[in-house]
Amino acid sequence: MAVETLGSAPRVKVAPWNDPVIRGWVFQIVVVGLVGFLAWYLVSNTIDNLQRQKIASGFHYLEREAGFEIGDTMIEYSPASTYARAIWVGILNTLRVAVLGILLSTLLGTLVGVGRLSPNWLLSRICAWYVEAFRNVPLLLWLFLFYKLISEAFPGPRQAISLFWNSVFLSNRGVYFPVPMADPIHKWMGVAFLVGIAGAWFVNRWGKKRQEATGQPFPAISAGLGIIIGLPALVWLAGGAPHHMSWPELKGFNFAGGTVIQPEFTALLVGLVLYTSAFVAEIVRSGILALHKGQSEAAAALGLSRGQSMRLVLLPQALRVIVPPMTSQYLNITKNSSLAIAIGYPDLVASVNVTINQTGQAIENILIIMAAYLSVSLSISAFMNWYNKRIALRER
Amino acid sequence: MAATARDLSKVESVIQLKGVNKWYGQFHVLSDINLDVKEGEKIVICGPSGSGKSTLIRCINRLEEHQRGDIVVHGVTLSNDVKNIEAIRREVGMVFQSFNLFPHLTILDNLTLAPIWVKKMPKKEAEEIAMSLLTRVRIPEQALKYPGQLSGGQQQRVAIARALCMRPKIMLFDEPTSALDPEMVKEVLDVMIELAREGMTMICVTHEMGFARAVADRVIFMDRGEIVEQNEPEAFFANPRNERTKLFLGQILHNH
Amino acid sequence: MTDAMPVGDRKPLAPPVDETGALGWVRKNLFSSWGNGITTVVLIAAVLWVASWFLEWALFTANFTAATGAECRGGGACWALIREKFRYIFFGSFPYEQHWRPLFAVITMLAMLVLSADRRMWNWRLLVIWGVGSFITFLLMFGQIHIPLSLILFVALVCGGIGLTLRSALAAPSERMAYYALVGIGAVGLVLRMVGALPAWSIAIAPLSYVETSLWGGLPVTLILATYGLAFAFPYGILLALGRRSNLPLIKGLCVGFIELIRGVPLISLLIMASVMLPLFLPSGTTIDKFLRAQVAVILFAGAYIAEVIRGGLQSLPKGQFEAADAMGLNYPQKTLLIILPQALRVVIPPLINTFIGFFKDTSLVLIIGIFDFLNTANQALVDPNWAGFPGEVYLFAAFVYFIFCFSMSRYSKYLEFELNKGTRR
């Protein structure tokens, strides 16, 4: 506030060149003018170049036929689909690997981070070396290594390594495993799952209200989990408990039935998760270390149980330290998933890159990439700001 | 008497505040402050926390900006004019509650920084002045250490010497002893008393009533952004007129 | 018990034997409880199993001498491949008999980095080290350097300007005159050069044969991209950080917008942009070196991240430091250069090194736009049909090299953090 003293002026006359407000504006106008000039120069060159090279502009190409194959899609797609659909396939693939990567690396990273603080010397050393090994080598190298290992070191489908009594097969074409036969009840189970989450939230709120009113605690966590798992299970039973599975079987040169995780996806996911979990582990560790010993002692002295002191005193404080850097790791996973292009997983950047090569419309396509990633980044930062405000310590 | 200050008999008052008002958002921190400081005068400002006393002296060297009224320092009216602000800051030294020494510079560099860069003084001359001032505050042997290696009392004495290096005409003290351990308060106050005896114009925000009795020409009591009462120290302490002053003095004298 | 014994006479008792010594350590750290003991046993078994398998593969059954990939097959690791290919992996397609040049360039850059890590060098010496080091590096890599007159004039102008701002108060009159002379010569000369009064003259330093950037490869490329990415991004990150903390709304808006834009998108999209869009941005006919394009993208990228690190340092300074500087009458450049930046930069050196480790790893992404960095040359080594089928060996070797660089940097950053914390007691 008092760092810079600019602002409303009293009535005294000031020479314009000595007035900081005027100085500030002159300086700003000069800088913005220079930046504007640079931008104008670049844009005018670009327009000139586009005309010279007869490159079309505008987003009309999105409705044209893409004409390229995509190996791994979550929605229906064929070379006859439009570019827009190809890019949409890429976005979904990016989101799929990012969401799974975030879940798994949080899980693994937390385990390693806690293991790093274990009183067991050997465990803590192993976790420390895990962290050092993964974060000191480029992610791209890990991706290449895992991809090449899967595609070169794993046998072909005919000699596939079978696990779990011939139900899961590892081969250089991917990992095959059984899935339940498609059944209409699955859709309803999904609905029940969502209803369960909403229900758990309400039960938790009700439990808190009751505790405030009567002092009776309510086992909200187990009740919530029960609802979330129980409701879909009930729906499944009500639907006649369909239990037919589709098993992967070797037919000719490849497997049929079951489902497959492509090697590209596997390598990308494994690489992202191992690499990011090393960073997550360090964040979790520093979050736990940031806790003052006095806090757990004070909680114990008040008579809180270990679980209560963890849930009510320690965890909220550790989260305050953990959440901000964790969010930036989540953002990193999302951005790093763009390395997919190097091993041939069709994510957003890969789809767009093919589109650039085919249409030559670099600017529009790069705008699409930037818009997609920026909207993810900005919404995550908006969430972060909201969260930081909510948990910020009130200090004088 | 005036040993450090030039003869400025033409200017009766060195600082004049006329109807000064300041708000922080809706909060009225300073309301209608009128104050005249004569050359060589020593003024002690006291009052409860949040009464606006620090804000008042921070307006005098424009660390904070007032919104209404006039502040004239040495005949120069404070405004947005950067040249005026620079001129006033050259004439007015300030000592902060938390010392605010620059931790990355040695004591000597802390002292010579402003003379060299603001007054464009040759380095050698600046160092001579700095050493003589360090001798005056009785820590010449610490000149090549860093602030972090000194005790709080020593740091505050360095801060006083740093302000004096610019040969200021006026010194502002913003609670200079509040952040110190009790045993270090005296060494800082001794330096301030010495400075006062030499005739420096001083405005001190402090609760050290012994200091006020010893050197102040005038004690000002502020509360809720107003000057509630001002008087010579003897009369002020012996016979406060306002109820708020009485209450405040009652509390503060109990604590000491 | 001798309850009459005066307190001061009690001899300190040694702790129980099982608390100290090697046995005590093992008990405390490995077998403190049942669960702990079981964990230890399981982990030891697992470590032994993995280690024996790895040693078997990498050492006992490994082939170090095979002449072709076919001879290697069937046994353990094929380190003969690395023996055959390591010069290509380290130096790429740089002319074979000239490999001493990239080797010495790498050594020069490492020396530069190591010297910069010494705290006694953190002053004007740093500029000299980097100036001389860069000159040697690029002379070795290119073999020939042409310094145009306008560049010399520009450097004179900048040097004089820096001297005037930083040393105006301290300099003797003769030194100040020299700065004015530099500024004068630089400015006048540049104007004359622009209007064409001065010829397009340049100094040619050409002791070696010219090697164009498309032939560069391997470790020197990775090091150049990371090191010069940092060197250029650093001043520019400082400006961005100061701009973001400024209270001039337009400046702040520009800086925030730029930083968030760059940080919001993946580096790959910037690299693709640099490779396909940069040529469009420039007047037609101008071609811009592919290597330079990648370097520009890395600098833009690094600048935004460095700006955020430096902003953290600026925010960590107490308000009193700004106020004290203001109260002394220092103006904005003086306050920033003398008080704020020296302290802020000191705080951010450890996180800055971590950021640099990040860039060092991220430079590997340039292989996507066809630059032959260290990872890419390793990748290319696998393409040789004579040696197909040993990706593990090559990637492990490359990982080992990356690990040595990154690990030693992160150790240094930890050490520095410790040292700096020791020094700054407020």
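Side notes on the structure shown:
Per-chain residue numbering starts at 1, and chain names A, B and C are given in the order in which the chains are listed.
The rule we apply is simple: a residue touches a chain if its C-beta (ideal position, glycine included) is under 8 Å from a C-beta of that chain, and two chains touch if they have at least 3 such contacts.
The structure displayed is predicted, hence computed values, not measured ones.
Taking the definition of touch as given, a chain qualifies here only if it contacts chain A and chain C alike; those chains are B. Taking the mean of each chain's C-alpha atoms as its centre, the chain lying closest to the overall protein C-alpha centroid is C. Centroids built from CA atoms put chain C at 27 Å from chain A. In terms of their C-alpha centroids, the spacing between chain B and chain C amounts to 47 Å. A straight line joining the Cα centres of chain A and chain B is 55 Å long. For chain B, residues touching at least two other chains, in rising order: 63, 82. Touching two or more other chains at once are residues 2, 5-6 of chain A. For chain C, the set of residues touching two or more other chains reads 323, 326.
Within the complex, the chain A residues that touch chain B are 2, 5-10, 12, 14-15, 18-21, 23. The part of chain B that touches chain C in the complex is made up of residues 61, 63, 82, 86, 89-90, 92-94, 96, 98-104, 113-114, 116-118, 120-121, 123, 146-149, 162-163, 166. Interface residues of chain C, counted against chain A in their complex, comprise 29-30, 32, 36, 39-40, 43-44, 47, 247-251, 254, 260-261, 263-269, 272-273, 276-277, 279-284, 319, 322-323, 326, 357, 361-362, 364-365, 367-368, 375, 379, 382, 389, 391-392, 395-396, 398-399, 402-403, 406-407, 410.
Within the complex formed with chain B, the chain C residues making contact are 168-170, 318, 320-321, 323-331, 334, 338-339, 342-343, 346, 423-426. Interface residues of chain A, counted against chain C in their complex, comprise 2-6, 24-25, 27-29, 31-32, 35, 42, 45-46, 48-50, 52, 118-123, 126, 132-133, 135-142, 144-145, 148-149, 152-153, 335-336, 338-339, 341-342, 349, 353, 356, 362-363, 366, 369-370, 373-374, 377-378, 381.
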